[in-house]
Amino acid sequence: MIATTTIRVRYGDTDCMKVVYYSNYLTYFEVGRVEYLRQQGMSIADINEKIHMPVVEALVRFVKPARLDDLLDVHCWVSERKRASFRFGYEIRDAAGATVATGHTLHACWDPATSKMTALPPWLQQMMPVVPEGPAGRV
Amino acid sequence: MIATTTIRVRYGDTDCMKVVYYSNYLTYFEVGRVEYLRQQGMSIADINEKIHMPVVEALVRFVKPARLDDLLDVHCWVSERKRASFRFGYEIRDAAGATVATGHTLHACWDPATSKMTALPPWLQQMMPVVPEGPAGRV
Amino acid sequence: MIATTTIRVRYGDTDCMKVVYYSNYLTYFEVGRVEYLRQQGMSIADINEKIHMPVVEALVRFVKPARLDDLLDVHCWVSERKRASFRFGYEIRDAAGATVATGHTLHACWDPATSKMTALPPWLQQMMPVVPEGPAGRV
Amino acid sequence: MIATTTIRVRYGDTDCMKVVYYSNYLTYFEVGRVEYLRQQGMSIADINEKIHMPVVEALVRFVKPARLDDLLDVHCWVSERKRASFRFGYEIRDAAGATVATGHTLHACWDPATSKMTALPPWLQQMMPVVPEGPAGRV
């Protein structure tokens, strides 16, 4: 299961170097994983009522700058799943198929009812089949 | 009472036209009014516990583009106060004193305890002496 | 000619009041007008090579707060056209059809070749039929 | 040489989880390194005329969520310097001294005159004494 979401680069995403400002790739990653979860059957609003998934670590490798009005494909998959944490992998490609950025986010599982870390519930495990190597390999 | 707050233009504030992206002036306005309130004795976190002040209308006039690393002065004052609403006026100037942008935000007063609009409490009125014309005149 | 663009509210668009942060409506307006121009036959990158259209004034009226993951329709039209300036009108509606925000942006026409204001060229006039009152009336 | 810059968390920096949205830590890192360079004698605008320093990789470890109106100290130092690349280390602490986030950015050195990667010029090397372990240790 690798989810693909298409994003159009907006004016406000770019900076005075005429390329996408670097922090916005984390926003694109987030859009990718929200759509991953929707494609697996749950909206982020529904998930948030049951479980929170705070980001513990985020890594981005910047390969090729994206520019205003570019159409980007955000590929997103679960690259690792442990008892109480999991990892999303990402690859962003431009319309010509060239890699723009790769990266990962590591998430913990937190129960808003008890305000404590918790193991991934079975319904969440089921939504997250592990794909160790995505289109970009290990990230 | 006119509060002045200094802001440095960040990379992420600019866009590929090499000037500050237009929506960021609303962010600068917000920084200006939060500092206005602090200078009048209350942090925004303390105010939020008692009263919410949602923005009902916002206007920006863009006079002169600001650029990366510019130091901007945000001048902020209360230009109008009614029973259950009030208006902040703003003028942003660059280091040479030239006007970069002017504008206003119109706010309602909302009580989080009752989830209803409410009149400005006396302590808030006292924090908000009206200055009908700011440095930029009526905005 | 009224262009409609659908936008999904992202995490980073919201703020700690659990609603869309107010400056982001200007970003949504910008997405709406870029798509308006594309539907009229030109990408913003192509237009930028010929003519720049700096925003001179922006107004937003906030009607109903949007929230995380909401699907919003941005309606955009040209509400006024003068010799060397024009106005876009906007209305943002949620999935139930309720008005979230309305507003306008006023633009000047600037020639990057001469670095001077200029009249709207005929090809741009043709792309911009005037619709004085949009779905929201005059804004 | 460890530069320290103080940042106030703005409304727009937070998200509907009532904490700072995760991509904004990259913005805070950028503010920290721009101020590092200024404290070492050059503004980013001056540097950009001579050399560009694109980010090749960015890592953030999220330790403790920051909230609206928090005052954060961004500590920034050069943790590694090679012939044609270098690494900034970062630690963000709150007003009580607790670590909020740590991370690094890896930069290449690019000559805008030749549009090619280049070795760090001597003036840039001199501005960047290496501090292998910052306040947070290796990041």
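So that you can tell them apart, the chains are marked A, B, C and D in the order they are listed, and the count of residues begins at 1 in each.
We take it that a contact is a pair of C-beta atoms (placed from the backbone, for glycine too) under 8 Å apart; a residue touches a chain by one contact, two chains touch by 3 or more.
As the structure is a computational prediction, the values presented were derived from the model and not from experiment.
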_Furthest chain, CA centroid comparison against chain C_ = D
_Centre distance in Å when chain A and chain B are each reduced to the mean of their C-alpha atoms_ = 34
_Centroid of chain B to centroid of chain D, CA atoms only: how many Å?_
29
*What whole-Å value do you get for the distance between chain A and chain D if each is reduced to the mean of its CA atoms?*
23
*What residues in chain C touch two or more of the other chains?*
11-12, 17, 23, 27, 30, 67-68
*Touch graph across the chains, line, ring, star, complete or other?*
complete
_Residue ranges of chain B in contact with chain D within the complex_ = 8, 10-12, 27, 30-31, 34, 43-45, 48, 67-69
*Can you name the residues of chain B that touch chain C in the complex?*
17, 22-24, 26-27, 30, 52, 54-62, 65
*Tell me, which parts of chain C touch chain D in their complex?*
11-12, 14-19, 21, 23, 67-68
